[in-house]
Amino acid sequence: MADIDVPKILQGYDLDNITIATVCSHTSLQIFHGARKEGFKTLGITVGENRAKYMDAFPRAKPDEIIQLESYDQILGMTEELRERNTIVVPHGSLVEYLTPAKFVQMEVPTFGNRAVLAWESDRAKQREWLESAGLVMPREIKDPKTIDEPVLVKYSGARGGRGFFIARNYRDFKANIEMGKQYTIQEYILGTRYYLHYFYTPLQQHAYNLSKGSLEMLSMDRRDESNIDEMYKLGSQEELKEQNLFPSFVVTGNVPVVIRESLLPKVIDMGAQVVERSIELFGGMIGSFCLETVVTDKLEFRTFEISARIVAGTNPFITGSPYADFIYDDMSSGRRIAMEIKMAREMDRLNEVLS
Amino acid sequence: MADIDVPKILQGYDLDNITIATVCSHTSLQIFHGARKEGFKTLGITVGENRAKYMDAFPRAKPDEIIQLESYDQILGMTEELRERNTIVVPHGSLVEYLTPAKFVQMEVPTFGNRAVLAWESDRAKQREWLESAGLVMPREIKDPKTIDEPVLVKYSGARGGRGFFIARNYRDFKANIEMGKQYTIQEYILGTRYYLHYFYTPLQQHAYNLSKGSLEMLSMDRRDESNIDEMYKLGSQEELKEQNLFPSFVVTGNVPVVIRESLLPKVIDMGAQVVERSIELFGGMIGSFCLETVVTDKLEFRTFEISARIVAGTNPFITGSPYADFIYDDMSSGRRIAMEIKMAREMDRLNEVLS
Amino acid sequence: MADIDVPKILQGYDLDNITIATVCSHTSLQIFHGARKEGFKTLGITVGENRAKYMDAFPRAKPDEIIQLESYDQILGMTEELRERNTIVVPHGSLVEYLTPAKFVQMEVPTFGNRAVLAWESDRAKQREWLESAGLVMPREIKDPKTIDEPVLVKYSGARGGRGFFIARNYRDFKANIEMGKQYTIQEYILGTRYYLHYFYTPLQQHAYNLSKGSLEMLSMDRRDESNIDEMYKLGSQEELKEQNLFPSFVVTGNVPVVIRESLLPKVIDMGAQVVERSIELFGGMIGSFCLETVVTDKLEFRTFEISARIVAGTNPFITGSPYADFIYDDMSSGRRIAMEIKMAREMDRLNEVLS
């Protein structure tokens, strides 16, 4: 676990009056909706005037209270108040990004999940080490752009949200597109169909796909919409479009529900299981929701691009279940599954195993 | 409201025996299914032999009775009979199209919604005035084809259902494709990912995103399938296909469920709210279901193409809820939401506010 | 019906203790989940170590027992044991493929559905005769590749799962791509949007779209993901990619839920009805789940590529219903519908009509 003394903080908590809190964005509707279904109080954090007003449109998902700050950094200054409210923060990708990982791991409020994962997730080399040692196959990295002889993805370091990378088919493409002065990585471009796999690991019980400790569930799968690449083909070939200064971009704008063919599920489950087992060895275990971003080739092989070690926005299509969650629970979203885990841990007096 | 004296007609109604009626097409399964769930009698109107027989396959959505006419115009000749049955017509896009807007606004049967909206919706210039004065950004219109220097959409006036428009990247493209003698409009082609946003405005209560009167809900989102453009890329480049006389077309054939990233929801809700507020100022308010057809660019900006001021076929994927409706209600489709509104208005003795 | 003496076998069955069995793959999660919901015992068959372990992740869908064999052929050697367990096998595409149709039709255990369908389904010419005589329009077959003057699909005989076919736009394309020595068929390539239509035919009751005997339901629709063709356009034109040895492939990897525009439903229902009526005339009737694989052109016409005469993987997105099943039942998947049919047949003492 990370350095926050969670057991000590919890000693001061009224565990019958836990408040579940997160930043109003990303997956917050689902997190609050699920928390309410499990009987928790809810608190939303937002920055700027009216950024959370949209939640009024969704009464069952609107938190009991919304605190408006001037900056996300101010969260760090209100940790005492949050502890007084018996708060458990459920982190999603935007919360970690807005606070920055460095500050997030220092926030002195119990959070759902194991914050030790960030050291392995935020560092590209360590992430690769973790996933490859768990048996996952990731796209090859290419060091020398001159050797590019097949489609590659060129990513600028620190690229967020999908901008800042391009596909190059050869060195000529690379030179034509690269912006000088920026740091980049090059990896093979994997052609296939994309599946974002949403798992949930619980250390508390062995009721599903049992691991050395606890068990693994698979709750849902999605595919992302990306602007403008998804619909760019309608305008003609990329060469012609480049003449008109239209370049493909990969900004995530939404999600659609998908299922994968059942014959690929053994591999899907095994990949999730190996990643969790490896995480237990490396840093005590990645707890709760996580997502493997994968592509399936036409040889039915998986290539994993990335792991997100918390709830991802791709779970947003699945508020009352999914074709996978329905095989485990009634009416279960990932947001609700998190609240259910906190509730179960409290009942078992094992909150220390799911918080950090 | 429009010119039909609805209060007077309702005085003659047995409000405990309302029949909800619509034309058997478009969203009628959902409308009848929802009406039945809310306890209403249902009546389907169809033209031609056996055009409504398919509804037998869906027992819970099949109306109690189906009246077969020889033409849709005959609806206008049976308004007395419809009033005797305490009928409220729920209009969808096909009903308005088959009757024609001019005849629809004159039909002397109460309809759900405000028929005054048609004057602003059916006229391209007034629709643009309405939406732009509400703060929405629409694609620019281009007057002179010679000035085309970026992708544009060329639409033939009166084009229906997706045929009758093409994409041109420059003036040469335009000249090569334009059919002489036809009236057309040219607008910038917005590249991005498409989201059809399905809202519901109720003047009856302030329980969701509250407006100056009533409140706004967002019930679902979809993306349309379009034949043949969706899959045309599989055959090769558009230039080669044109040599073989294969041109892209945009005929809507179906829909898929989508969600948008949560950080775009503030804008989504605000756009719907501004459109409704403006409609209240302009013509007394657009009541009930409506849809904004939008594209999200890779700068995460919305461009709105069009408004449909009633229930749209894109709501058909969501019969027992959606990832948005589930945050407001159990088991709610747009068709059921309409029936629920009629029921609520009747209970509040405020039917005049939701009918015209 | 086929040659297995089902009435005789059933005489020896304890009908209150039926076990529903299938191979662990394809749609087995859904089949077991539905069988359990209907109160049946469940038995999974798998080959190889740990191929069914993934089912642990889905407790409600995991069969009561899993038998591990060394090869699928061994199923034929355990038919006596299966009959002792009062087993009814629910066949899916993978089960039939693994056993091979020839062995499947000889398996001496009652199966759900009418095994006589295989003679008409597995033979391309007979399948075409069946569907075309039922009024369906299939893609034209082209005998002489020299006459190719529009896009065509070239399929190698015995191609499975999507590999082994390519699109050719003319004879030059054909010659450039064809692998000598392989048998192939050529059919027109239909450009449009794809809809896989999932029906259910019950001979037991006339409660839905009634046929000469029994009735037809439509339970759901999907579209398949295909690797690598779905995302190939992101890399550029097919010509450039071929220079880099990248060829389009059509391997099915998953499914997304879709709905079709309601004005196409009369044709959808009619096609299913005609296919069933013709099947009754030809071989006693195709019972239970079946799927028509179709494309809708931009003239809103259907072209049917293929029929699958049993439950298809495209039903996997719909575990607790679909926008179509919801108009007939609560909480119904195709897997559950099959179990429900077996249960209903047992109650009516008409199992012989749904098994072979």
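To keep things simple, chains are lettered A, B and C as they appear, and every chain counts its residues starting from 1.
Please note the rule applied: a contact is a pair of C-beta atoms (placed from the backbone, for glycine too) under 8 Å apart; a residue touches a chain by one contact, two chains touch by 3 or more.
Treat the numbers as computed from the prediction; the structure is a model and nothing was measured.
Peer 1: Classify the inter-chain contact topology: is it line, ring, star, complete, or other?
Peer 2: Contact pattern: complete, every chain touching every other.
Peer 1: How much rotation, in degrees rounded to the nearest 5, is required to superimpose subunit B onto subunit C on the basis of Cα coordinates?
Peer 2: Value: 120 degrees, nearest 5.
Peer 1: Over half of interface residue numbers shared between subunit A and subunit B means same, under half means different, so which is it?
Peer 2: different
Peer 1: Between subunit A and subunit B, what is the gap in Å from one C-alpha centre to the other?
Peer 2: 35
Peer 1: For subunit C, give me the residues that contact two or more of the other chains.
Peer 2: Touching at least two other chains: 232-233, 237, 256-257.
Peer 1: Name, in rising order, each residue of subunit B that touches subunit A in their complex.
Peer 2: Checking each residue of subunit B against subunit A gives 149-151, 167, 169-170, 189, 191-195, 207-210, 216-218, 221, 223, 229, 232-233, 237-239, 248, 256-266, 268-270, 296-300, 321, 323-324, 326-328.
Peer 1: Which of the residues in subunit C end up touching subunit A in this complex?
Peer 2: 25-29, 33, 50-54, 56-61, 94, 162-163, 225-228, 230-237, 240, 244, 246, 249, 251-257, 313, 316-320
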